[in-house]
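Before anything else, here is the set of structures, which you'll find just below.
First subunit A sits with subunit B, and in the next complex the same chain sits with subunit C.
Now for the complex of A and B:
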């Protein structure tokens, strides 16, 4: 039997580096070892990719989806069914950091292409990722670089590249923005066939040398005839760049930080952790995988359990994975996508280029009701395969007194730590039914229902809102 | 190329029918089609999630006659409509690979009956995909997740079955489309095995179509199959976005890639009504629009017109197999 602490630590890793895992998977991973599991997660290419033939056979409309929530549903399907959880989690991370929204782009397939780019490059070099981002047609359109011309610059991309994507406020001047924008002139999108009535056609990146400003530029202390890639080379060598990226990684994977706009006036909660990540960045030549290896193997990560509020996508996907009713094509993925929307996270359509406010700001009165209702409905449904599996695990422990029943439920879907207040409520509910018994058919039916109610209550608790 | 000449055959592009439409005139992720009498073509649309599921009636000359079916699990409704065929009386049979059943409509779309039961026993279905009638008016059903073909009477009485999961001759892996030739031989698009297999009416393996060992004529995820009056076999090579043509013996003949340079009248009407779209089209390379994207089903009519349905482009492209073609002078 694996040690309970090992299971709890592995559950923590899988909640953060993925979207949670069943007890059976946790036990298998503990047997494999923590560091070996981290390595597996860091090398998604060694695990099978989502079978897109299956996906598009059963959901032909997901390919080149005409509009939300279909494109969102496609991503939710991948998040639930991936064998490469960190790859998908990193796609979500980059989407949150490089927020690009359908409200303006109005091109769901192109946004989906951008997410696919994050899958491909999301664990590699930060420098290469920024180059790919600069060439992403969805990003070009989102931040108007198609309107950035040699004789009339548009500063939108140049500004956000520094302010929101690579450096953070206070690390560049207005002149740097102008010079960076000059360097990205000519980076645009080729004309494409318009949408409808024959479905969607993809954009292609196009570099137009005749529209590129070939003059000398002065950028962050460097002078030269810079093009876009030169600007990115300079950016990733700025001391501010790894600090900014490390804080984002910490905020997403370790513990909630203040909202990003406050970062220039509020220091990180754990400066030593940021320094470790910065060192990993510098030593590895901007390698994201190396930073994450340090992060997941660090004590600051291992000790940060339940220190983050789950984003809606994490809550929706994690609960659906646990309930186990979406592990193959079936109708209803669009409703899971809508659930994310209703809880405040419209995938592929963040509210602005500043992205979502995270942490406690995920939750307001309306969002909390949606989160509770969604999770409680799924976790309380004793007909779902994942819940049946939880029941079987508890049943294998035989008749249980109420306190052990509560412990067994918390263990089976986590292990989940809960506050004294929550534990008291759960215990009171469990005591109402007395000992959990499996002796007769009637006992069994009643016990299954009682477990369903307890799981429902647990998933409605404050504690369940944290990852 | 609008005209393709290969191995003594000539395939001449003719025209296309259709466009995207959530409802009414148009198709939405169409999956299969069948020819009815009086120039009517029935096209079954999968739609997306809860919308767009229906069977459309359209003529060869673009007249939209109406539609029937909708989302749901009640009589005459679909969750995942997949395939359809017509019996000799002109009634329409449609498979649903989520509801594991066959729904039957009259030629005008009036609901008649439904049969099918989920499971893996004789006569039970798990993900029924392609369907096709033989000359006796019995229905072959590709029972996809059970890796087999089953034969039923029109009323759904089980008659026989063949096939099992595997990669050997006669074995199947998530098969999709099916057709029956004039001798009642049965062709099955063996989707996950990247090949088409031909069987006798009672399921004895005859020949397979999958290209040669140099990759010529390969298939990736074949979906639909049809046979013309001369025994040539047409396969929608869904994963490679093309139509592969084979001789009766399985030898590869040629590839068609789609040639819809002229939009269908429905599409043209849409374009003409949108000045911005006209403007945008004049700046774009239009070739991607001509080409097949997810060709999903193919049928050949009595005149050897080859009709290919594209799921992603929501249209039918039509080729004629020219029998009286005279080669042009090369030095023109």
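Now for the complex of A and C:
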């Protein structure tokens, strides 16, 4: 029997580096070891990919869709069913950082392509990732780089590259923005095929030398006839760059930080943690995998349990994985995608290039009611395979007094830590039914139902809102 | 009409997706209209003429009747400078009154805060729809967001919980789980407050359907359902002063004529039934309804539909509304267009200010972020 603390730590790792794991998976991973699991997560290429043929059969429209729901559903399917949890979690991380929205791009398949690019490059070199981002057709269109010409620059991409993607405010001048924009002239998309009436088509990156300003540029203290890749080379060597990236990783994987616009005035919650991540970046030549290895193996990470408010995607996907009703292609993924929307995170359509506000800002009256009802309805459904397996695990412990019943429930879907107030109510609920018994058929039916209601109540709690 | 002592009530109907101004209030005698709309225009024999220049689209008969009755104001050329063609960004600006930065505080929520500074009545503002529009978002200001009035509330459909007392007990447990607790931190406190407010809102609102009866039969479509829900909560007299709901999608890039027809049939019918309902209950004199959309659509059609534009049209309806035309229809002359779109000539914040100031009796300046020209339609 694995040590309880090891299980709890593994559950924490899987909630953060993935979308949570049920008990059987946790036990298998604990048997393998924590550091070995971190390594496995860091090398998704060694795990089987999603079967694209099956995926395509069930989401046949996602390659030409006019609106985002089917593409959102395709992504939710991947999040739930992936054998490469960190790859998918990093795709979500980059989507939240390099927020590109269908509101303007109006081409869901192209956004799906961008997410695929995040899967491919999301754990590699930050420098290479920024180059890929600069060539991403969805990004080029989103930030108007197709309107950035040698004889008339458009600063949108040049500005956001520094402000929101690589450095953060206060680390560059307005002139740097202009010079960077000049260097990215000619980085555009190949002529688009008109989308109507046949649906959307993929775009392509195109470099047009005749529209590139090849003159000398002065950028962040460097001078030369820079092109776009030179700008990115200079950016990733700026001291601000790893600090900015580290703080994003910390906010996403470790603990809620203030919102990004406050970063130039509010210091990080844990400066030593940021420094460790910065060092990993510098020592590894901008290797994101190396940063994450340090992060997941650090004490600051291991001690930060339940220190983040779950994003809607985390709550929706994590709960669906636990209930276990979505581990095969089937109808219903659209509703899960819509559920993310209604809880305030419309995948592939962040509100702006500044992305979603995270942490407590995910919560408002409407969102909380949806979160509570969504989770309580799934977790209380004793016909779902994941819940059946939770019940079987509790049943294996035989007849249980109320306090043990509560502990068994919290353990089986977590282990979860809950506050005194929550625990008191769970216990009171359990006490109302007395001892949990399995002696007769009638006992069984009643006990299963009681477990379902307790799981509903747990997932309706404040505590369940945290990852 | 006698002055009312009751609190003013506002219903906001958002036409999501950018309603086509040109085919809603049609400048039918303007030669540029037909020139620009070879495929997507309203035939002259079908439109509902208002005067020798303008006409409503067909399927707006019920609204035309309200207009003819002098209870509907049409606000022309509404929008803002440098209108973005993005739905989301434009809607965001309408929601937050922040055209320069990405705002997080909604104008309706700010109005709610001014109406009820202590947040005592959590149904002061009620949204009907999925999720909470940003217009209603403001930390510390509770608003209630209802997706289905019949089945609204926390833990409203937990599997296996059928008995009323069993559900009541779960709700009591929920309330205690979300009760204030010392030393749990600001996020826990905030979650607790939000949870308790949601519970309170659900509790208050569930009385509304029981109290309601009416002879009006609303149509079977989402906006009719929403406005019936508005009527039920409004008539239950729960102190709600702002209702918010949306209908769409008005994003008619493709195959516009049947889509636009369907949408306006639904909207016009629902509004007409709604006001008839209020009239039946003699409760129409302290409520007005405003309709807005994020922007109008491109002047030139694209063959089957219309693309994103700029200047749009808004409406205000109600017994206390001074009906008629307000503002100026933007020029359709090629040289007056802004990137092929109608140039807005009336800032939407002035429109909001008129409602906030003259109807709700609040100071509009802090809510919309400045002083903007008001119109006297109420």
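Please note the rule applied: the second predicted complex is superposed on the first by the 463 of 467 C-alpha atoms of A that agree within 3 Å, B and C clash if a C-alpha of one lies under 4 Å from a C-alpha of the other, contacts with A are read in each partner's own complex, and residues count from 1 in each chain.
The rule is simple: a contact is a pair of C-beta atoms (placed from the backbone, for glycine too) under 8 Å apart; a residue touches a chain by one contact, two chains touch by 3 or more.
Since the model is a prediction, treat every value here as computed from it, not as a measurement.
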item: Touching partner for A:57 - first (subunit B), second (subunit C), both, neither; value: first
item: Touching partner for A:26 - first (subunit B), second (subunit C), both, neither; value: neither
item: Partner chain(s) touched by A:352 [first = subunit B, second = subunit C, both, neither]; value: second
item: Between subunit B and subunit C, more extensive residue contact with subunit A; value: C
item: First, second, both or neither for A:292, with subunit B first and subunit C second; value: neither
item: Which superposed partner A:331 touches (first subunit B, second subunit C, both, neither); value: first
item: Which of subunit B and subunit C A:454 touches, first, second, both or neither; value: neither
item: Overlap of subunit C and subunit B interfaces on subunit A (superposed complexes); value: 196-197
item: For the subunit C and subunit A complex, residues of the former touching the latter; value: 85-89, 92, 102, 104, 122, 127, 130-132, 134, 136-137, 142-145, 147, 153-161, 169-170, 173-174, 176-179, 181, 184, 186-188, 190-192, 194-195, 197-198, 201-202, 253-254, 302, 304
item: Touching residues (chain side subunit A, partner subunit B) in the complex; value: 53, 56-66, 70, 73, 191-194, 196-199, 201, 330-334
item: Parts of subunit A lying in touch with subunit C, wherever the complex brings them together; value: 101, 103-104, 196-197, 256, 309, 338, 341-344, 349, 351-352, 354, 357, 359-361, 363-370, 372-373, 376-377, 380-382, 419-422, 424-425, 428-429, 432, 449, 452-453, 456-457, 460-462, 465
item: Residues on subunit B engaged by subunit A in the complex (per definition of touch); value: 19-21, 26, 28-29, 31, 46-50, 52, 79-80, 97-98, 176, 191-192, 221, 239, 263, 266-267, 270-271, 276-277, 280-281, 283-286, 288-289, 293-294, 296, 311-315
